[in-house]
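Got some structures for you, see below.
Look for chain A in each of the two complexes below; its partner is chain B in the first and chain C in the second.
The block that comes next holds the complex of A and B.
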């Protein structure tokens, strides 16, 4: 689900991937690690964009980032994403623990230096 | 400006006073790694009170030694329908001198709300129905790429002369933007002048084109 907008010359996608096959996964298994990917495609605008990406996990006791400062938060800054360049695929390890609710939401908020704001909510199931 | 760790301002590294047709403007420069950002700011005597302290032109240079790039961009004032009409006119005016434009297809990227789509177009574009939901349009033509976005107009920039006096340049730039690739040629500057937020009443076309030519010919101040 999407709420808000990015500059219309930029496309973004977020997925949870199986580490080995790199296939998108919607149903996670307990005690298993996955990759959370944020892919910011080529900036087709002829101006640079600053993009701050903040990803948030609502229930870190069942789904958490493994190597970030806070288990529920992954954040990074793309400064001066220049025309015709992509920020590429950024990934962070996420671990699924024992399920509590069997459902979770990975929320990715993107904020730009021109006041655009987009929130992507990725629903996952936990088996 | 949201609080997301960008900081509100860039530190200005250089400033320079320039003139086009006896109208003064201030250029503030910021070094951002391989990107050099220059901003042309209106002075009190630039010709119209509404220009004072306002960003007239943004110019970014990328110092890739193999392929140096230079882009100019500014806030624009046109709708997509108006832009298509102006682009048709621009190409029509150039066709006698550039016969290769006639009948050719040009790659475009558009965003009509469902994501970015690549396709090809022929001129005149107005011969086809215009999608009024278009929020982004970019075309590759022999003069260099041109891109324009159609998004809500941002609040006008505050007085940037005051910021530059204390060594700061606001990070926030205005929207919506029109931009062109000036790496090979500045031919697109006449189109730029027609879509520019201040043109032609506050900023005559000759001043906009003069500024673009001066900024594209001149390397970054450093």
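The block that comes next holds the complex of A and C.
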């Protein structure tokens, strides 16, 4: 799991989960599907925030998103996240193909309407 | 000289009572107070300046700061009471180790709590409590350990005095 806080105080976590048990997985198996989760906690700032989330996979030939427009990119926008409210968990299916490097990084970039940025780099191993 | 048990326990019991009351009273009282200020101070058009959600956020920030203050106060007040007790009854056996352990435990609490961002202590743990409540319960355990150590030290000192009197 990789976590950080987006100014003015929005905690963000990202992890890869087993689809059935929903347990966090650090070592992925080839030809298996997983869920990539981005969890955006409560907005602890005083004003509503727009948050743009962009997740990027470096080696889409070994790890790729299944149902997004581009296999290496998953993006979504959270419009007007009110103070004291959480956006919650957003998930996207990710499939692990034959391993090439046995290691990969899932990079999640978050950008708010007020130009605050946060980048989370989740390292995963591929068996 | 042996101190009465109630006198030994009093500073720790007060400290625990204040913390337990804080778990149940701090946030509701802060919310009431903030709501009161907002309702009594509408802007020129009669609108309230802060929404309920914004008030909730402010209370979370205040509660977070209050928890940090409680951490530092716990480490100082309880440690001070314990060290004062030790100094009063003379050096007991194992006193240096007790002081070191108390110091390390207190330091661990400070290192755990002070750098955490707002919102961290609102997260729930696996046992169902939020981390803030868990932290306060840990401070209470810290107080109780110090209280028991102080009572034991006091009892040891009293036995030593009694033996000395018998020899004389």
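Here is the rule we go by: the second predicted complex is superposed on the first by the 121 of 127 C-alpha atoms of A that agree within 3 Å, B and C clash if a C-alpha of one lies under 4 Å from a C-alpha of the other, contacts with A are read in each partner's own complex, and residues count from 1 in each chain.
Keep this in mind: a residue touches a chain if its C-beta (ideal position, glycine included) is under 8 Å from a C-beta of that chain, and two chains touch if they have at least 3 such contacts.
Everything numeric here is computed off the predicted structure, so don't read it as measured data.
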Clash or fit, chain B versus chain C on superposed chain A: clash
Touched partner set for A:80, first chain B, second chain C, both or neither: first
If touched residues of chain A are counted for chain B and for chain C, the larger one: B
Touching partner for A:1 - first (chain B), second (chain C), both, neither: neither
First (chain B), second (chain C), both or neither touched by A:31: neither
First (chain B), second (chain C), both or neither touched by A:111: first
Contacts of A:52 with chain B and chain C, given as first, second, both or neither: first
Identified clashing stretch of chain C versus chain B [5-13, 95-103, 113-121 or 149-157]: 113-121
Residues of chain A contacting chain B in one complex and chain C in the other: 5, 9, 11, 41, 44-46, 82-83
Complex contacts: residues of chain B adjacent to chain A: 1-2, 4-6, 32-33, 35, 37, 58, 60, 62, 69, 71, 73, 109, 111, 115-116, 135-136, 138, 145-147, 149-151, 154, 171-173, 175, 177, 179-181
Interface residues, chain A side, partner chain C - complex: 5, 9, 11, 41-46, 82-85
Contact set on chain A toward chain B in their complex: 5, 7-9, 11, 41, 44-48, 50, 52, 54, 77, 79-80, 82-83, 111, 113-115, 117
For the chain C and chain A complex, residues of the former touching the latter: 51, 53-54, 56-58, 60-61, 117-120, 122-123
